[in-house]
Amino acid sequence: MKTSRLEAFSDGVLAIIITIMVLELKVPHAVELSALKPLLPVLLSYVLSFIYLGIYWNNHHHLFQATEQVSGGILWANLHLLFWLSLFPFTTAWMGENGLAAMPSAVYGFVLLMAAIAYYILERAIIANEGRDSLIAQAVGRDRKGKISLVLYFAAIPLAFVSPWIAGGLYVFVALLWLMPDPRIERQLEHRNE
Amino acid sequence: MKTSRLEAFSDGVLAIIITIMVLELKVPHAVELSALKPLLPVLLSYVLSFIYLGIYWNNHHHLFQATEQVSGGILWANLHLLFWLSLFPFTTAWMGENGLAAMPSAVYGFVLLMAAIAYYILERAIIANEGRDSLIAQAVGRDRKGKISLVLYFAAIPLAFVSPWIAGGLYVFVALLWLMPDPRIERQLEHRNE
Amino acid sequence: MKTSRLEAFSDGVLAIIITIMVLELKVPHAVELSALKPLLPVLLSYVLSFIYLGIYWNNHHHLFQATEQVSGGILWANLHLLFWLSLFPFTTAWMGENGLAAMPSAVYGFVLLMAAIAYYILERAIIANEGRDSLIAQAVGRDRKGKISLVLYFAAIPLAFVSPWIAGGLYVFVALLWLMPDPRIERQLEHRNE
Amino acid sequence: MKTSRLEAFSDGVLAIIITIMVLELKVPHAVELSALKPLLPVLLSYVLSFIYLGIYWNNHHHLFQATEQVSGGILWANLHLLFWLSLFPFTTAWMGENGLAAMPSAVYGFVLLMAAIAYYILERAIIANEGRDSLIAQAVGRDRKGKISLVLYFAAIPLAFVSPWIAGGLYVFVALLWLMPDPRIERQLEHRNE
């Protein structure tokens, strides 16, 4: 199996997830600006999830750019990642509609955590398939950023019950951490092209 | 007609079906963890259907990887398959929202059965087009796994009225049976590449 | 502009339209088989529209397979066609939910008619661009089937007020007329490949 | 990163946005023609947004046809554009359902303005990456049409409170201005191919 069809399918699912979230912005019946006010937290959580899905799309692309072959295990590891990402519209809406309440914020973090674990499994499945000396293995390296994210999501879940603002702040912080494309893989690809 | 456009269209439809199902996870108004409890059966039936659609996407890909030409008959056999798969979100939600009641479980099985029959017809249409000595004919062979699935779906429909748990168990069992990519076609493809 | 991106975009829109229609099959709260009974006309109109969209996808593909270049006019003629097709989910649901009432059946026919006109305009725009001696011009020829469809849709609209069943019967008849891929273009393509 | 995957992802998101808007055309329960009357403004705003998204798809394609490389900055500039376009279904429905009230019309214009700014940023990011002597830099030139649009959107927002019809008229006028594919880039591409 070539990576192209797996990438196309993943792109399709990601494009739909990202767009479906906007359906939670329910059109108000009133025509005053104040009618948009209750939508503000929904919009903010939409922006956060939009950025997260953009990050996943970006990193997913970098990952498969350095991948040569797709095995059955990689295919299912990829579907596993898409499953957790497909829950983003639900957790985004639940958190948004309740203005950062404790439980919805914790569940939002739980799905972020599971998606990050799924991404990590996918990464390992690809490295196992390509070999430890492969381009991708060197490119990913120890994946420090990935591990820091896991720890921060894990910490955010109980902290949501102390204050949802701490959890929310951590989610924004991790997003900022990832906002740039991964220089490690890009550097490796450049080395190869030299 | 090349297989690439048919595959791209099928991928698009499958990606949308898989993602639309998640819209049935209605966002609760309460913010307690207990508010998620009634969603649990919906989530479980979503997981099951997600896996089934992943299996269909996977097998569909293997099937067309070994296909050279697309005739009008194959095109409509493929649309016929997509039609039954497009009913998955409906049957998944009906079964999920009623916590494994008899009739919704039976109807879920009926749509699984019709999709399996549609897949079988598609397989036969491709083999008829490619010839009995073709790569795909040898790869599919007697398709024992496909036939076992048909029998189990067929059995599950009346058994849902004895106990929906038996039917549900059979659906899970068939999914596990298919979870791995089909070794027959992969083996054939490897032979060819030798 | 290459035809490939236009085809990919059209495929995407068609895949979404075809799948969005299924959202009108509202999940019933009851668990008896009788709960599905009011959904039957919705399901039937869904099947009809599914077949129509399959036909459009099929013919659209044949059309662009014989097209070499995309001009600005062709691009907008294509978007115009997609616009009318995007109204299918609305008219399908309105007709289905009211069990073949006169006005919804007439409006369903009106959108079918406008889509057929849009397809005709697209065909002419391509022929104007490719030249009267081009492959596509010869393949389409006088397009008798297209003209017959236009007349039948046109007739069905007022006839819906005599009896919605006549209109419905005409829609089914035209669908059957088109169900097979267009032999004219296929024949032309074969000639070229000889 | 090649432009092809970025284009495919953008096409997917645009195709979904364009189709999701139609879900706001809520199916009426009555079967008289008069039941469609309250839907007329929704339909008209749908047509306008459909044309705008068609224009964006068209211009986006022309832009990337003349682009050689995708940097991280371009990727996020593109996601930023998609974000504002993803709000079209919301503003379209709000404006449509309230028959051109002042505030919804102004908010519709605000999102148009932000999308236009996002497009401008994307254009500049590409030019910065490709160099000031690149094909794209010469093709875009001073982008007079883009600047006129920005001014008109900016003017329309306060004018919506004088009369929503002035704002609506300006939105239609800008759409007509863009309806044709950009001759500048096409001319440049032709020059190159000579």
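Per-chain numbering from 1; labels A, B, C and D assigned in written order.
One rule holds in what follows: a residue touches a chain if its C-beta (ideal position, glycine included) is under 8 Å from a C-beta of that chain, and two chains touch if they have at least 3 such contacts.
All of these numbers come straight from a predicted model, not from anything done at the bench.
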So which chains are sitting against subunit C and subunit D at once? none
So what angle, to the nearest 5 degrees, turns subunit A so that its CA atoms land on those of subunit B? 90
Quick one: compare the interface residues of subunit B with those of subunit C and tell me same or different, with half as the dividing line. different
Could you tell me the distance, in whole angstrom, between the mean C-alpha positions of subunit A and subunit D? 27
Per the C-alpha means, the centres of subunit A and subunit C lie apart by a whole-Å value of 38
Listing for subunit A: what residues touch at least two other chains? 8, 12, 16, 20, 23
Pairwise touch list, complete, is A-B, A-D, B-C, C-D
Interface with subunit B, subunit A side, in the complex: residues 1, 5, 8-9, 12-13, 16-17, 20, 23-24, 72, 75-76, 79, 82-83, 86-87, 89-90, 93-94, 97-98, 101-104, 107
For subunit A, which residues are in contact with subunit D within the complex? 7-8, 11-12, 14-16, 18-20, 22-23, 25, 27-29, 31-33, 36, 47, 50, 54, 57-58, 61, 65, 179-181
